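Shared between the two complexes below is chain A, which has chain B as its partner in the first and chain C in the second.
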Partner chain A sequence: MSAPAAVRRPPAPAATAPPRPRRSSRRRKAVLLQLACLAITAFMGVPLYLITLAALSSRAALNRFPLSLLPTDLSTETMSRFLDSTGVVPGFVNSLIVGLSTLVFALLVGVPAGYALSRYAFRGRDPYQLFLLLTRALPIVVLSVPLAKVFLTTNLYDTTYAVTLLHTALALPTTVLITAAVFVSVPRDHEEAAAVLGANAAQAFVRVVLPQALPGIAASAMFTFVMSWNEVLGAAILTLNQRTLPAQVLATLADSPLAYRFAGGLALVLPALVFIAVMRKYLVNMWGTTLR
Partner chain B sequence: MPRARRRRARLPTPILLIAPSLVFMTALFAWPLVVGVAQAFTGVDGPTLSHAQRMLDDPYFWPAARNTVLLIVVLIPLQFAFALTMALVLRERPRFSGLYFYIWVVPLAISDLAAGLVWLSIFTDRGYLNSVLDRLGVEPYSWLSYEHPTTVFLAVLIAELWRATSLVFVIIVAGLQGIPQDYDEAAAVFGATYWQRLRHVILPQLRPSLQVAMILRTILAFQTFAVAQALAGRDFPLLVGETYHWYNTLQNANVAAVIALVVLGASMVTSVAYLRLLRDRTTEVAT
Partner chain C sequence: MADIVISELVKTYPGGQVRATDDVSLTVADGEFVVLVGPSGCGKTTLLRMVAGLETPDNGSIAIAGRDVTDLPPRQRNISMVFQSYAIFPHMRVRHNIGFGLRMRKVPAAQVNERVRRAAEVLELTDYLDRYPAQLSGGQRQRVAVARAIVVDTGVLLMDEPLSNLDALLRLQFRAELKKIVRQIGTTTLYVTHDQAEAMSLGDRVAVMRGGRIAQIGPPLEVYDRPSERFVGGFLGSPPMNFFPAVVRRADGGARLWVGDQVLAAPAHLATYDGREVTVGLRAENIDVATAAGDGPAGGGPASGGSAGGPVRATVEVVEPTGASVLLTVRLEGHELKVQAPPGYQVEPDSPVWLRCRPESLRFYDAETALALVS
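Let's look at the complex of A and B:
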């Protein structure tokens, strides 16, 4: 994989601009690349720094103007007041429960369907794909309003199950389509080779297809969890007391001081930082060919 | 008997595999849809359009519809240009690309509510942007005041660009990795410039990824509301935000259901338009 990449570079400059000295143009390119990367990184990173700074400043520091851009007056006062507010810690727990159950549910139901789409030509395949496209092409989350009514009559209203069911429905079409695409990219020959060597369909799937499909499935799981963790409208409509963290923050947004909102912002952002850090290693390992 | 069993086991495998998802989606999609239509169009004494009328008479409805469309139309092209740039820059394997990748995908896991709160710390009256301006000797400005709708829109736009571009970026990065390098290398050997390779080799092969990302992002953009809620409250109304407002604050599930159906309908029309457009293009390329 690395050999062709190494061969790839030299012919390009030679072919486009033979007289120009190769080394300096390459260096200029590297500098420009770094500048572009730094600019994008600043746009992405500075807001994260600022919300952290705001949430870790004392109330007194937040009342000053202009605000200090450097961490000169750090304090945990703002964060601890936020954590002591009613509903914040239970909201965090609820968010975690809902997110993990959604991930498991969506994979259990979605992966088999994705595999079926990628490997079988069957009657009903096209209508099914159309159905998926349809559900995906619609913001099902706005159906939370009637769903609340349905859950009220079935005694599911205001439970984590209600939110989990909604989130699974939201994640399912994406899971099916992503995993289908992933399975398509796993060569069928490998599966056939396994069959020739005496594996049955299930064995071939678990020992040959699944390992190759794992990075894609992990990516799909990542989207699912993140979607659930971040979803706020459905969670806010389907619950009153069993609120997830975003629903809790949203519900109390209007009546809360700025310090509470900044602390809430950081509390919602922090798990994202950790989560992506963990997933990045995995993704980079698996997708390793270009991002090392 | 064994023959019959074998045939039975062989034929329906794919059906068995897709059945759970089919049942699940129908239960959580068709059922509430029926209930929702009933909610929207029935009153105390039979069918009624009074809920719809009430929605239309509400002074927030049309601004909300306009804001929603405007946000999508401005945001999506910016977002795709940005995400494509990010992916192509990283494809050149700059130094520290691992670190850059991490920082660029962090917003992927950030909710629109959190993004709103993050940018609130910047744009609020006594926030970081005005602090910097003040240091530079520039008069502070109320970016999020209802008197300045343009800057409110820009604030929401920037927050959304910051939050949601990562999703497109990751889809494009994954798409780029799925492209065999041979064509690109061949084009380079034959003297194609970078732009020619981008236009005629890379982008056409990225098309499937771009299509998926495009539909996904547009539908998600229809659902944006917590960003605006956190930044400007009801001063920057969006359709889904109005659903939430009617349901939670005004406790009127019927009008909330009507607005929900409007959002559903608008998204459906948009997706169908996309699919038709994209399909036409693909056949054009094929012929």
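Let's look at the complex of A and C:
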């Protein structure tokens, strides 16, 4: 409540208390901070709002001038037309499958790797970390063509599995590095205490380390899922019929009406947003209880 | 209940040049409280961690309750431990923190609850059982760590500087409480600290460590009173033992100590070191101080030639009243000495004082090896 109030009447304290410039400058800083927050929120929020508005407006409303900026003329016509068009629902399902399996694979491989990086000193640890980052230096297009050839010969081409593998490979460096950083922040003492109190290595990991690392792992999962959901180039090259949603939308974007594009945009943004919202709530909950 | 037998334990950390523990042997009897004390880097924590199974020794063996545990993982050693950082699990309520060891040992739930309740009672945590560690103060977290260690009722309790993160007042308070609790449960305890006062107050025996070795081990008062080497005397006690060089001279059947031009009486057995320079060790509280030469019972004025060894003259440099006593820093023939005078003792800086001590309270060390001279 107090923050918006401060935004609304910033000159008041400066005017009433001129001999105390420090306080007024602090006040001004707070106001500027609020303004910056608002600006950034608007920067992210306005396009989202416009896309949502357009996707939920009737085609007639879209063509009207001037365009109404308030949801006066809502209709599900555009959205349902978009969902009915070929390939959209299967594409949506494929995207979901690829995103979730990428997440599972990346965590299955990345979490142990991150744990090892954080807990053990082994020969070549630092070069390994650098090498992980280097894999991201290769453009996806460059990777995808040889990959397509490999998948063609192994009969994996045009399957969600192929896209999952590609996305897992793309997500692994960040998963490994993020989880390594997270595990470093879980004190070794805690594991040792668990060991002395009778836990074996697996129990110590599952009961003591993992719960404390979960917020970080959730963040990395979020990152992985959104990356997979948004990745379009590789998915488009590696599939023909089993397109993920972005690949499908991209393929049909050029020759589709304006309304379709807005609907596609909303369909692309929405699941990722929902996923982030769900994970974020969890993230804050965890940190709220574990951190001082 | 269990005893701990550590024999010839050697450990060098990877990449390190010096041994963290150098051929350490130590036996802790069943129910005994042994304190490992020493400056940082002396190997005391390494030794404790090897007993816990958190470090692997390069050589030597550890037996707990007659069973060789050298190659066993921590969970099979039947020990519990309190960590310096407490290592309380932040994602578990106090109740589950304390009960963790019991649940790992597959104790039935009803029994876990009962034992957690009792341990919480002992450590006055009953009201906090359903809180998260983040909602506790430092002292309360410390209590949770101790409760978690004692609730499992193992034969051996290991403590790694458990009080070092508490503020001074709380530390003093909890020290006594800890001693009471450990005595009640009667467990064999190995306790690591760098605080000499803590070591003196807690241990049945105190092991003073230096450079990966045990310099001296014994009951606190014995170690305090008869340090086996100069280092031990300088480490234990506040203020630490005074050391100054002196030359032994045989005189009328006994021995005298020449400190510069002044003479102190020495025990007769020292006569065998006639003519040699020794390091004299003397506790601050064993020095009687007087503002006049003739003051006090023992005779013999200022040292002159072959006198019997009366009071020696020193100059006061600093006067520090501490409440329970007055701590004087005096200079005797160029050597700085700490002297503990009775409370309310009046003396001005730069004024002369006469010091006297009983010959039996003097300790003698080889000037080169710093080891105690056999008497």
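In the analysis below, the second predicted complex is superposed on the first by the 243 of 292 C-alpha atoms of A that agree within 3 Å, B and C clash if a C-alpha of one lies under 4 Å from a C-alpha of the other, contacts with A are read in each partner's own complex, and residues count from 1 in each chain.
The working rule: contacts are C-beta pairs under 8 Å (C-beta built on N, C-alpha and C of every residue); 3 or more make two chains touch, one makes a residue touch a chain.
Since the model is a prediction, treat every value here as computed from it, not as a measurement.
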(message) Going by the contact rule set out at the top, does A:Leu238 touch chain B (first), chain C (second), both, or neither?
(response) neither
(request) Determine, for the superposed model, which of the two partners chain B and chain C contacts more residues of chain A. (result) B
(message) Just checking: does A:His190 make contact with chain B only, chain C only, both, or neither of them? Give me first, second, both or neither.
(response) second
(request) Go through the superposed model and pick first if A:Asn200 touches only chain B, second if only chain C, both, or neither. (result) second
(request) Check whether A:Pro211 is in contact with chain B, with chain C, with both or with neither, and answer first, second, both or neither. (result) second
(message) With both complexes overlaid on chain A, does A:Asn230 touch chain B (first), chain C (second), both or neither?
(response) first
(request) Could you pull out which residues of chain A sit against chain B in one structure and against chain C in the other? (result) 289-292
(message) Which stretch or stretches of chain A touch chain B in the complex?
(response) 4-5, 7-8, 11-12, 15-16, 29-30, 33-34, 36-37, 40-41, 43-45, 47-48, 50-51, 54, 63, 65-69, 108-110, 112-113, 115-117, 119-120, 122, 124-125, 128, 131, 133-150, 165-166, 168-169, 172-174, 176-177, 185, 201, 219, 226, 229-233, 236-237, 246, 249-251, 253-254, 258, 261-262, 264-265, 268-269, 271-273, 275-277, 280, 284, 287, 289-292
(request) Within their complex, state which residues of chain A touch chain C. (result) 187, 189-190, 192-200, 203, 207-208, 211-212, 289-292
(request) Sort out for me which residues of chain B touch chain A in the complex. (result) 13-18, 20-22, 24-25, 28-29, 31-33, 35-36, 38-39, 85-86, 89-98, 100-114, 117-122, 124, 126-128, 130-132, 134-135, 162, 170, 173-174, 176-178, 181, 184-185, 188-191, 193, 212, 215-216, 219-220, 222-223, 225-226, 229-230, 233, 240, 243-244, 247-248, 253, 256-257, 259-260, 263-264, 267-268, 270-272, 275
(request) Please name which positions on chain C make contact with chain A in the complex. (result) 52-54, 73-75, 79-81, 83, 85, 87, 89-91, 100-101, 104-105, 132, 134, 148, 152, 158
